[in-house]
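This report refers to the structure that appears directly beneath it.
A, B, C and D are the chain letters, set down in written order, and residue numbers restart from 1 in every chain.
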Amino acid sequence: MLYIVNKKGEVLKDCVERLTSHDVILLIEDAVLAAVKTSPSSVISTLASDISVYALRSDMKARGLDAQRCYERIQYVDYAGFVELVENNKPVRSCF
Amino acid sequence: MNLIGTLPLVLDVKTLFFIINKGLQGNVCGQEFLDIILMAAAFDQKVVVLFEGDGVNALLKNQQPECLNLKNMMPVLDTLPVYDINDVIVEKESMEVYGLTENELAIKAAVVSRSDIKKRLRSADHLFGF
Amino acid sequence: MLAELARDEDGFLINRNQWSEGVAEAMALEDGLTLTASHWDIIYFMQAYYDEFNHQPNARLFARAIKKKLGAEKGASIYLYKLFPDGPLKYANKYAGLPIPPSCI
Amino acid sequence: MKISIQINASPYQHQAADTAWHFIQAALEAGHEVYRVFFYHDGIFNACRDSRPPGDERDIVKRWSALQSEKGVDLVVCVSSAQRRGLLEKSVAKKVGGYIHAVADGFRIAGLGLLMESVIESDRHLTFGA
């Protein structure tokens, strides 16, 4: 199952609490900030290793966020990759 | 069944989950979301309505949005069985967060654990939120 | 009788308190329709549905709800259109003294 | 795959309409079919003909119109969402003395049935919201 999340805070938290094995989460829009390493660590760092975490590259770039500042587990996709995630996962839940 | 003079109309049936995770009052989006739910039933789709997160409070009795001149959506929830929408579930963990019990809910809803909901979600075709 | 009532551009009552069976008959007559027992079944159904659920169905839901309550025959489009040739949803609401549904304007 | 898109947020106020547009471009590029884009809630403001952003900014409404005229993507605005928010189809506007040019080129105003059809026909349904 694919979760598309567009903001941090409660929306991301509600979503993260419901992720289970082999789910995929894609951070878009303002949610890409959750990919950045923080102190204390963000909820993204607490996720089990069998959950794939993606961030939309153009939303990172637009906000000046560099992959080097982000958790190592984050994978990056462009819009073509976004489409592939949608194609390869069902169902899709948009969290906004 | 009357098949004579009737075109064989085969409508695909999909399983659609409608997730209510916020209140139904305060803005018109909840009201408009209910319209989609009812419409899905009118198209003979398999409809599941799920209340979770803050949305469990949308089931509270005694909501009085009329005091703000807002339309009360609680009676509209009572139309669900009219359109044969009987698969209404509410997440157990969210009920616990707010200390709610089943008899505090305005409509009949099955209390289901987060993990069992997840199993059902995985078999859905499309998920809707608002 | 109709002249003194506040109504919108489609002739719908602005204030349902002014509704009576006589008003419904007059509004229908103005549209060239004489209400029969079959019309009243639908009109009373609309009023009861609105009072119970605080909701106005669209055309598809309307037929569905009637089918559920009054049986498949009365919920059939052909039957409803025979009763209200210019649009069952719009005119059933109108003669019931209810607001005009968004899709009917 | 066939993709159905729903847009729930107004343009400019939020990124949803931009994200949806970029997603649709990529989906078409990859050879997928975008069955329909359905504008709901405040998403109906994506169809406002008189939106006039400054000349050096993206024109979201024109971009949608172009998607329809160049790629043939069906753009449908929900009639009840639109009427509530003051966006009237020409014939309705004429009747009530409203503004008859409100809806931009390439959009059509219709009911929720078209959303349901789009959802039933499509392999994926994606909602973009605020």
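In the analysis below, a residue touches a chain if its C-beta (ideal position, glycine included) is under 8 Å from a C-beta of that chain, and two chains touch if they have at least 3 such contacts.
If you're wondering where the values come from, they're calculated on a predicted model, not measured in any experiment.
A.B. asks: Quick check: more C-beta contact pairs at A-B or at C-D?
C.D. replies: Ranking A-B and C-D by C-beta contacts puts A-B first.
A.B. asks: What chain lies farthest away from chain A once each centre is taken as the mean of the Cα atoms?
C.D. replies: The most remote chain is C.
A.B. asks: Please report how many Å separate the Cα centroid of chain A from that of chain D, as a whole number.
C.D. replies: 26
A.B. asks: So what's the Cα centroid distance for chain C and chain D, whole Å?
C.D. replies: 32
A.B. asks: Distance from the CA centroid of chain A to that of chain C, rounded to the nearest Å?
C.D. replies: 51
A.B. asks: At least two partner chains per residue is the criterion; list those residues in chain D.
C.D. replies: As it turns out, chain D has residues touching two or more other chains at 8, 80, 84, 112-113, 124-125, 127, 129.
A.B. asks: Can you pull out the residues of chain C that are in contact with at least two other chains?
C.D. replies: If we look for residues of chain C contacting two or more partner chains, we find 58, 60.
A.B. asks: Pull out every residue in chain A that's touching 2 or more other chains.
C.D. replies: In chain A, the residues touching two or more other chains are 90, 92, 94, 96.
A.B. asks: Throw together a list of every chain pair that touches.
C.D. replies: In this structure, the chains touch in these pairs: A-B, A-D, B-C, B-D, C-D.
A.B. asks: Mind pulling up the chain A residues that touch chain B in the complex?
C.D. replies: So the residues of chain A touching chain B come out as 1, 14, 17-18, 20, 90-96.
A.B. asks: Under the touch definition given earlier, write down the residues of chain C that touch chain B in their complex.
C.D. replies: 52-55, 57-58, 60-61, 64-65, 68-69
A.B. asks: In the complex, go through chain C and note every residue touching chain D.
C.D. replies: Residues in contact with chain D: 9, 58, 60, 102-103, 105.
A.B. asks: Where on chain D is chain C touching in the complex?
C.D. replies: Contact set of chain D toward chain C: 79-80, 83-84, 92, 95-96, 111-113.
A.B. asks: Over in the complex, which chain B residues touch chain C? Could you list them?
C.D. replies: 35, 38-39, 41-43, 71-73, 75-76, 78-79, 82-84
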